[in-house]
Every structure is written in C-alpha cells, then in structure tokens.
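Each of the two complexes below includes chain A, the first together with chain B, the second together with chain C.
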Partner chain A sequence: MRAVSKAKNRSIARKSLRRTIFFVILILLAGSTFEPYNQAQLALVLILFIGVLSVTLLTGISGQLSLGQGALMAVGGYCMALLMTNQGYSLWMAIPLAMVGSALAGLLLGISAARLSGPYLAGTTLVIALAIPTLANRFMSVLKGDEGLPVDVGYPPVWFTNLFGEPSYEEWQLYVALPFAAIALFFASNILLSRTGRMWRAIRDHETAASLSGVNFSRQKIFVFVVSATFAGLSGALYGLRGLVGPSVYPVSLSLLLLTAAVLGGIRSIFGAFIGTVIVVFLPDWIDAILHSFELSEQVSNFLPALVSSLLLILTVVINPAGVAGTHLHKHKHK
Partner chain B sequence: MDTFLAALFSGTSRGAIYALVALGLVIVWRGAGILNYAQMGQAMFSTYIASTMITNGNSYWLAFVVAIVVGAVMGVLLDILVMRPLSNKKKTELLSSESMRAAIPVIASLGILGVLQALAGIIWAAEERGFPAPYAQEGFTVAGNVMPFTSFDVFVITVVLTTLALTTLFFKKTGVGLAMRATALNSEVARLSGIRTNFTRSLSWAFSGAASSLAGLLITPTSNLSPNTLDLVLIIGFTAAVVGGLDSPAGAVIGGFLVGMVISFVSFYGSPEDVFLAILAVLLLVLIIRPRGILGAKDARRV
Partner chain C sequence: MRNRASLSRSPRSFISTAAVVLAGALALSAVPAQGASTPGVSATEIVLGMQLPQTGPASPGYNKVDDAMRAYFDYVNSKGGVYGRKITLVTKDDTYKAGLTVSTASALINKDKVFAMVGSIGTQTHISVIKDINRRGIPDLFVNSGYSGFYTDPKKYPTTFGGLGTYIVEAKILGKHIKENFAKNTVGIVYQTDDFGRNTVEGLATAGVTFTPKKTAATFIAGTQGSGLDAQMQQLKDNNVDVVVVGAVASAFAAAVASANKIGYKPAQWIVISVGADATTFQTILGARGIPAASSAGLLAGTISASHAPSPGEADDEFVKAFKKINDDFNKGPDKRWDNNILQGMNIGYLTTSALLGAGKDLTRPGIIKYIESNAAKLSSAALAPLGYSTKTHEAFTGFWIGKYDAATVLKPIDATRKVWTTDSAKGAVTELKYTRPAIAADALPKVG
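Right after this comes the complex of A and B.
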C-alpha cells in the first residue's frame, strides 16, 4: 500500500514538474521578446498569479470564500520590508521568512475562521482586509504609518551579470519573481493532484460526507488557510518589492482584484488562475489600445478597466461560473 | 462628562442609520438567502442622483423621494437581472457543492458593487462632494451650553424609528408581509401554498434597496459623498446584522445601535483610526461567543 502511494506521489511530482518547466520556458520566451514596460507587466502577472493561486486553493478548491487575501499579502509585505530595512537581510532571506510570518497569520485566521462559512466568512475577512492596514498607523514608530517602508528588488548579483549580461530594472523584476512563481506553481499543482487536494474538494462539496469518509475537516480547513496565507504572503512580499510597502499598497480593492482574476479565469484550476491574472493585469492596456482613438476624458479612462472587469465578473458568474478555463482539469471527478 | 454625552448622542444618531443598513441586509438575507455586498453601492448611486437633482435646483424633498424610489427599483433590477438567473442555475456542476452555492451570489454582488462604483466614478467624477441636510447641523442650546445634538439628529432618529415601526407593522399585519415571512421560512412550502415566491423575493430586494438608500441620504450629510465612502458603512452594517442575528430584523436594530455606540465611544475616547479594529473585535467576539447573534433563531443557518 505504502509503496503504491509512494509511486503515485512520484508520478504526481513529475507531472507538476513538467508543468512548471513548461511555464518557466514560456515566461522566459515571452519576457525576452517584450519591451521593458511589458516585462514589468509580466512580472506583475507572476506576482499576482501567486496571490490568485491562494484564492484558487482557498475558494475554488476548498470552498471557503475569503475577501481578506490583501491583508495576508500586507502581512507578508511588512514582514519582508521590516527584515530588509531594519535587519539588513537580503530579499532572498527576507522573503522566505515573510512567508513563515504570513503562514502564522493564516494559522490565527484559520483557527478563528474555520467555523465560519459562506457569507459570514466573506464578511469577516472583508473586515479584516479593512482593519489590518490601519495597524500601520497604530504602530507608527515601527511600521511608519501612511508613508510606508520603501523597498525594491535592488541590483542583480555579480555572478548573474557575468553570466547573462546586465538586465534592465524591469527585466530583473521579472527574474526575481519567476523562481518564486515557479515554486508556487509546483506546490499548487502538487496539492491539487494529491490526496490533500481531494480532501479539500471533499470539504467543499459536502462537509458531512467528507467527515464521514474520515476527513478531519476542521483541521484540514485550518491547513488550507495556512497554505493559502503562505501563497498570499509570498505574493504580497513580491508586490511590495515593486517600490513600497504601505497601507495604500494593500487596499481592499486588491483582495477583490485577486478574486476577480480567479473567477474570470476559472476558480478551480491553476491554468485558470494564470489566465485570469493575465486578463486583469493587461485589461487596462487592451482597453487603451482599443479606445485610444476616441479621445476619452481621463475621468472615463480611469474607471473603465474597473467597470469592464466588474461586468466581466458578473457575466462570468451568471453565464459560465466555471470561468475561461472551465473545469477540464478535474473532469475525472464528475463523470 | 461632555465627551461622554457627545459620544452618547452621536452613537444614537449614527446607530439609527447603522440599524437601517443592517435591516436592509437582514431583509434580503431572509427573503433571498443572499448577503448583498452591493447594498451600499446602490445607496451611493441613488444618493448621487439626489445630489445631482439638488444641484440642478430641485427641492431636497423631491430628491429625497426620488432617491428612495430609485433605490427600490435598483434592488428589483438586480434581483431580476443577476440574482434570479443565478438561483435558477443551481444544476450546473460548479454550483453542485453547498459552499459554492453560498459563495457565488456573494461574488456576483461584489461584481455589482464594482460596476456601480465605476459607473459613479465615470458619471460624477471621483472627487468627494458634500450632501445637504434638510435641517440645521448646529447643536441645541440648553441653558447657555451648546449640546452635541442637532435638529438633523432629531430628524434622523425620527425617520429611522418611523421606518422601523412601519416595517414591523408591514411584516406583522399585512398579507404580503406574511407571504414574505413564509417565503423566508421555507420558500418551497410557500410556493406550494400559492405564494408567488419570485414576487416576494423581488419585494425584499425593493425594501432593502429603499432602506439602504434612505441610510445613504441620512449619513452623507455628516460624511462626504464619493464612490467609496459608503464601503465602511456596509462593513459596519454587516457587523451590526451579525451582532443582532442575521435572520432577525429586531436584532438588526439592536445591533445597529450597539455597534453605533461602540464606534462612537471608540472614536471619541480613542482615535478614529481605531474604529476598524474595534469593529473587527466586536465581530470576532460575537462570532466566537454567540455566533447566532443576540436575537438569532436557535436553528439558524450554520455559520
């Protein structure tokens, strides 16, 4: 029995690895052909993709709707920024520690939220998303209030420039984000394909049935929160590296943006998470490209992306709740 | 002592408005099983319409009535255009799980909120504007002291209490109210006994839309009007509804006043920044100690 499950795990890991390698090659190819502006946008896609994965795991796979992922991103961002500015850590040390920090925050959230469901959970996490950034002003001396803590990706190390030449700042942003996005993708894919993913889907589909089949669902629910918070913290740390970690960087609208991306792409699949992230990041550019000949006033063009993405969100939910990617990844479950 | 009185009065008049918001949430939750996160977006939109009417020279009272009617109509439209098609789609694969059935309407209402806020930004620009009050906002003078209580506060409390009384009478004494209560209790049985549940459900949305538009009209004179101003009010209303019990209109009223008091005392004795943390603390406390709220039914939905 154990031997069988070991072989199974190995084949799952191989499959996830294949996906990850394919993903990395795709991004590198796209990144090398893009101009600096689009390289920075692609880096943003990778960063938010990790955050959207946290929504996919929590909401799409285990069925718990959280609107507070932005708060967990803020926890990750602040942990990293404090370690970098106060302790002088490099970002390669600070980011993993920030992930530990946000995992702890996720544990706390999971313990208090595991008994909530549906609209209660959504409302409570929405309040959390509003309340956590105000802590920055509460602990002014450490967290520096509205000003925030400036951090950035810095410069590539010498061995990197020796090997690959001097990258532009945007390109370096992309190369910093890529390994983390690849690791996140690998773990998310592993979880989805494994026994853990099956347990989480069982909780989502029917709690009573899941617990009757031996799933300890309150423990698994807390575990989902911890894993999802780790993803969100990583995403938040990288998001802060774009220049600033502050309350204005992690507003409630960021949490809603992640949810929108997850739903548009397909809330149950990793592929969907990526498609959705590409849509929400590049939507303003696409709208601009289509409508630039109409000479729209700034007032209209500022709000148009939000209007279009919200409309798309409603249409997706009403017409095709499975999103762009559909549910083909898990078709075996519903024959 | 002065601070205490000021906090008490402000808590009462703010609490009245929060009670109204919470009532709006509770009515739709009971009537349609949906927590409407777009509610204050609707209120923001209709308050902007009222504001535009007043700037164009119409009287305050005409704008007041129009805003409430617009709020009600918007509620019905949302039900017919978005929520009803959603609840008819239950058979699709994604909606087969119980947790996603609860999550999808929430996501839809967030989409509606986004659309309303973006539209308001496009139509009325994003900068804040004031909204007039029909009565003076200067404190009464009692024995030479200016009291922290204005004639506008009296107006707010009177309007809210009247609305609450009328709503209670409507649900208790009229046939339609009875039909709505029956639908809330068990929509399948209600439909079998000849109640047009689609109609009563839309009526809940209309009521809630009107109530929240009223709340928007009453709260914007003391804050300001921008596409996002009422987000915080929604959060407070949600907390109030959970404190009182999501399925109890009377509980919503009690919760509204309670949360209003907490917020008012925190912002008078602490700093306004702490309000968010206070709301979170109240919410978590209630959810841990008494998840069904003060007046929630014993066999309330599992939280």
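Right after this comes the complex of A and C.
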C-alpha cells in the first residue's frame, strides 16, 4: 500500500514538473519576443499569478473566503523590504525569509479563523487588510509610515550578464519573478493533485462528511491558511520589488483584484488563476486599444477598466460560475 | 481518476491555451516600434508624460492640473510649437496608489516612449518611481510635490526637479508668521502622516512652532479624509486649540473645516499650506457635503495661507490675465474653472516650454537637465520668487508671500504691500526677498535668449 502511494506521489510530482517546465518555456519564449512594456506586464502577471494561486487554494479549493490576501502580501513585502534595507540581505535570501514570515502570519490568522466561516471569516480578513496603513503608521520608525520602504530588483549579477547579455530592467524583473512563479506553480499543482488537495476539497464541500471520513478539518483549515499565506507573502515580496513597499502599494482593492482574477479565470483551477491574472493585468490595455480611436474623455476612460471588470465579474458569476477555465472543462466533458 | 477541479486537461492543452492567451494579450497591447535616437522626440513632436490622481479621494482639484498644462501646450502648438515640434502630453491616472504609479510609469516610459516626465503629482506615489526614472536618465521635470527629499541632493536624484517650493521652506515662513502673531494662542495642527505632513511639522519646528502628539497635533492617513476628520477636530477642540494649521491636501482641508463645522468647533484662525488651500476645490467639496457656496466662502474667509505665485483672483496680474485667456480658449477639460490648480498647471506648462526652448533644437535628455541646472535665472515663470535650480539643489521656488482669504475667496496679501519671504530647506533664517519677476511677453510665450 505504501509502495503504491509512493509511486502515485512520484507520478504527481512528475506531472507537476512537466507542467512547470512547459510554463517556464512558454514564459521565456513570450518574454524574449515582447517589448519592455509587455515584459513588465508579463512580470506583473507572474507576480499576481502567485497571489491569485493563494486565493485559489484558500477560497477555491478549501472554501475559506478571504478578502484580505493583500494584507498577507503586505506582510511578505514588509519582511522582504526590512531584511533588504536594514539587514542588507540580497533579494534571493530575503524573499524565502519573507515567505517564512508570511507563513507565520498565516498560522496566526489560521488559528484565529479556524472557527470562522462565510461572512464572518470574510469580515475578519477584510479588517486585517484595512489595518495595514494604521500599522505602518503606528510603527513609523520601522515601517516608515505612508512613504514606505523603497526597494527594487536592482541589477543582474555579472555572471548573468556574461552568460546571457545585458537584459533590460523589465526583462530582469521578469527573470526574477519567473523562478518563484514556477516554484509556486509546481507546489500548487502538487498540492491539488495530492491527498492534501482532496482533503481540502472535502472540507469545502461538506465539513461534517469530511470529518466523518477522518479529516481533521480544524488542522487542515489552519494548514491551508499557512500555505495560502506563504503564496501571498511571496507574491507581495515580488510586488514590492517593483519599487516600493508601503500602504498605498497594498490597498484593499488589491485583495479584491486577486479575488476578481480568481473568479474570472475559474476559482478552482490553476489554469483559471493564470487566465484570470492575464485578464486583470491586460484589461486596461485591451480597452485602451479598442477605444483608442473614440477619444473618450478622461472622466469615462479612467473608470472603464473597473467598470468592465465588474461587468465581467457579474456575468461570470451569473452565467458561468466556473470561469474561463470551467468553460473549457465543460466542453471537454461533453466531447 | 483525473482531478476534475484543477488538472483535468493535459499539459499540452494547458500550454496551447495559455500560449493563445498570451499571444492575444500581446497582439492587443503591442507597442509600436520606434527608431528615434532620443525617445519621445521626433522632427515634429515632443512627447511628455505625467502621472496624477485623476480619480479617487485625492483627485479633487489636482485632476485639473493636467488639463491646464495641456491647454498651455496646445496654445504653444497653435503658435508653431517648440522649434517646429508640437508638444504632446500623455497622462496616466494612478489614483494616488503607489502600486499603480509603478505600472503607469512603465506604460509612459516603455509604451508611450515619453521624452520626459513633467509635473507629476503626489509625494508618496512619486517615491515609488523616482529611483527608476532617475536610473534610466529620464528628465523628471517640475514635480508637483514640495517634499524636499526629492530635490536637495541632486547626486541622489540627478534628473528630478521641483515644481513647487518645498514644504519646509513654506512651513518655516508660515512658522515665523505664527510666532510673531499668535504667540498667545494655543496653536495646533492636523496633518497627513506622510512626507508632506511631516515636512510641514519639521519646517514649523525649525521656526519654533511645536506641537504635542495626540493633544495639539492630530494626524490622519492620506486618502482617508473622504470619510471626514471628526475625531481629529474633536481632539483639537478638546485641547482648546484656537489656531489650527493644516498640513494636508485640499480635500483634507475641506474635510477638516466640514468636520469642525459639524461638531460646532470654531477655531479663531485656520492656517493652511498652499497646496491645501485652493478655494474652488474647497467650495466644490463642501458643496458635495451640502454646504452652499455662500456659506463655504464664509468658512474660507479669513484663512491664512501662502503662495509662491500670484493669487488666481488677482485679475490685474499680467500672468494671470494671459493664462486665464489661454485657459478660456484652449482648456478642453471637464472643469476649467479658473483657480490655483489651473494657474499652477499653466505655470508648469510655461516653465516646461521655457526649458524645452532653452535646451535647443538638438533636444536630448542630458541636454535639458544640464540646461535647467545651469540656467535657473533664464527660466522665468509666473512665480514671485526665483527658481533655485543649480548643481547643488533642484529646489524650485525659493520664496512665499503670506495672504488671507477675503469674502470673495481671493487670497490677498496680509501686509499692506506684498512681502515675499525666503529661506532654505535646512536651518537658515527667514528673510525678506527682493525679486523682480521678468514680464511675460505679449504672445505669452517664454523667451530664453
């Protein structure tokens, strides 16, 4: 029995690895043909993709509704920025440690939220997101208040430029984000295919039934918070490396953006997380490209991306709750 | 059995669909290739970029500055442009959120290929992009922030130049006035907890005006003023503050007055940092809260503020006259009512045109930076104080005059004759400034010869 289980785990790992390698090749191919602006957009897609994965795991797979993933991103961002600016750590050291910091935050949140569900849990997480600016100002000497901590990806190391030539700043942002996005994809894929993923889905679908089947749902709920917070912290650290870690970088709207991306793409799917992220990142450009010739006033054009994404969100929830990925899934099923 | 929830399709299907999505994304947002040696400059055009809050809680008033700048550039273009090149201003709304400022800066630099950033608004938002803009050598001209940290060390930010006098200079000058005129009063402050607010407190402290935290000093987080400042006003009222200094944006000053009015708090004197004291913005915001224009004019009357430029209500000022006419003829914005924001936008447009002319026909990024650093005296504007640009500092206007709003919401000099005061952003003394502003030409175009 144990041997069968090991073989299955190996099979899952191989499948996840194949998926990750394909993903990396795709991004590298796309990145090498893109102009710097689109490289920066693609880097943003990778960064937010990790954050959306945290929503997929927490809300889509285990059924815990969070409106405060942006706050966990902020925890990752601040941990990373403090380690880089105060301790002089490189980003390659600071980011994994920031993930540990956000995992601990996730543990605390998970312990306090284990008994909550539905709107109570959503309310609790929303309050945490709202508290970030207050905390940044309360601990002004360390967190530097509203102006925050300036950090960035810096320049590529000499060995990199010797090997691959001098990349543009945007290209370097992309190359920094890619390995982390690949690792996140690999782990998310592994979790969803594994026994853990099945337990989380069981909790989402029916807590009592899951408990009767031997799932310790309190422990698993805490665990999913820890894993989700680790993903969110990683995303937040990379998001801060775009220039600044501060309250205005992680507003409440960021949490809602992640949730929007997850729902649009398909909240129960990794593929959906990616598609949803591409939609929310590129939507303003698509709208701009389509409506460019109409010369709309700023009063209209500035609100259009939010308006269109809101409409898409409503249409998705009403017509196609499984999102873009779910539509594909539906077609496959009926072939 | 396949896992239906997430991984039911093969990796090939995942990749092919993802590739189609990425290709689609690229096709719709592709950036046209450009071959010019200096980005944003062609034989017929100069492209400039600007970031500002066009929407969101910090936008009221400030969202008029870009329309005023564009109106002045359109006027310059109607007169033949700068050495035959028309000026195009591309603006991006960052809603005063730094995460969005990073994205919009990337769009302006990499997609719109701007020659320079000009007149960008917001201290905390600009912090998120200033390093990147400077690293790329992109001129970051006439930033609409008085935060001294952007300008006092040109080695740190060599391409960034101010578009306002610094908050410290202004606060020191107002501090001197407070010390001399309100020594017997209890002076308090409400300020936003960012560099803008803290610079104000620092400047006042240098002038000897200090506050007690949680008693005579009330704070709020920038962007939260939309829900009112009742608690802050109650705190100042409870501590018997009768002179309230405001170190915050215009929407926050309006919120503070509305909250004070609501709780029946009537301080003897309001003193407001210039960027927070625009009459039109003040009255518009209070109007939205149900306070009619006549009443809001009454609430503003008597408020003390400072300015580096003439008041928009000074109808006889030659710059005011010229800019007002250009605003009437060329401003296509949704709200072109003449006010401080429009005047500042016009002035930044005038200053930018002056710098572009001075940098010469062979326009380059290093060329315009060097020109501005070396020729501050030639770069005149509507301001009643000279520009401080040099290789040692990139601070803009070095002086302010102090005024009081009358019943017609016009800021009038507090002294019988207008006195302009000057100081530095460090510990230097406040002294009277003797400066004669160069006249504006009949065609309202800058002359740099």
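Just so we're on the same page, the second predicted complex is superposed on the first by the 326 of 335 C-alpha atoms of A that agree within 3 Å, B and C clash if a C-alpha of one lies under 4 Å from a C-alpha of the other, contacts with A are read in each partner's own complex, and residues count from 1 in each chain.
Here is the rule we use: a contact is a pair of C-beta atoms (placed from the backbone, for glycine too) under 8 Å apart; a residue touches a chain by one contact, two chains touch by 3 or more.
Note that this is a predicted model, so its numbers are computed, not measured.
Consider chain A as the common anchor and indicate whether chain B and chain C clash or fit when overlaid.
clash
On the A-aligned overlay, A:Gly243 touches which partner chain: chain B = first, chain C = second, or both, or neither?
It touches chain C, and chain B stays clear.
Once chain A of both complexes is superposed, is A:Asn137 in touch with chain B (first), chain C (second), both, or neither?
Both partners, chain B and chain C.
If we overlay the two complexes on their shared chain A, which of chain B and chain C does A:Tyr175 touch? Say first, second, both or neither.
It touches nothing on chain B or chain C.
Does chain B (first) or chain C (second) touch A:Phe225, or do both, or does neither?
neither
Contacts for A:Phe217 in the overlay, against chain B (first) and chain C (second): which applies, first, second, both or neither?
neither
Kindly classify A:Arg268 by the partners it touches after superposition: chain B alone (first), chain C alone (second), both, or neither?
A:Arg268 sits against chain B and chain C alike.
Looking at chain A, does chain C or chain B touch more of its residues?
Of chain B and chain C, C contacts more residues of chain A.
Look at A:Asn302 in the shared chain and tell me whether it touches chain B only, chain C only, both, or neither; answer first, second, both or neither.
Touch partners of A:Asn302: chain B and chain C.
Name the contact category of A:Asp285: first (chain B only), second (chain C only), both, or neither.
So A:Asp285 only meets chain C here.
Is A:Phe49 touching the first partner chain B, the second partner chain C, both, or neither of them?
neither
Any idea which of 128-136, 236-244 or 290-298 of chain B is the one running into chain C?
128-136
Counting contacts the way the document defines them, which residues of chain A are shared by the two interfaces, the one with chain B and the one with chain C?
134, 137, 268, 299, 302-303
Which residues of chain B touch chain A in their complex?
Going through chain B, the ones touching chain A are 29, 34-35, 37, 82, 85-86, 89, 92-100, 102-104, 106-108, 110-115, 117-119, 121-122, 125-126, 231-232, 235, 238-239, 242, 273-274, 276-277, 279-280, 283-284, 287-288, 291, 302-303.
Help me check something: in the complex, which residues belonging to chain A touch chain B?
My answer: residues 59, 63-65, 67, 112, 115-120, 122-124, 126-128, 130-131, 134-135, 137-138, 203-207, 252, 256, 259-260, 263, 267-268, 299-300, 302-304, 306-307, 309-311, 313-314, 317-318, 321-322, 327, 334.
Over in the complex, which chain C residues touch chain A? Could you list them?
Of all residues in chain C, those touching chain A are 3-9, 11-15, 17-19, 21-23, 25-26, 28-31, 33, 54-55, 63, 91, 93, 96-99, 101-103, 106-107, 109-111, 123-125, 127-129, 131-132, 135-136, 192-195, 198, 219, 221-224, 333-334.
If we count contacts the way the header does, which residues on chain A are in touch with chain C in the complex?
Residue positions touching the partner: 15, 18-19, 22-23, 26, 30, 33-38, 40-42, 44, 60-61, 133-134, 137, 140, 145-148, 150, 152, 169-170, 189, 192-193, 197, 201, 239, 242-244, 246-251, 253-254, 268-271, 274-275, 278, 282, 285-286, 288-290, 297-299, 302-303, 328-329, 332.
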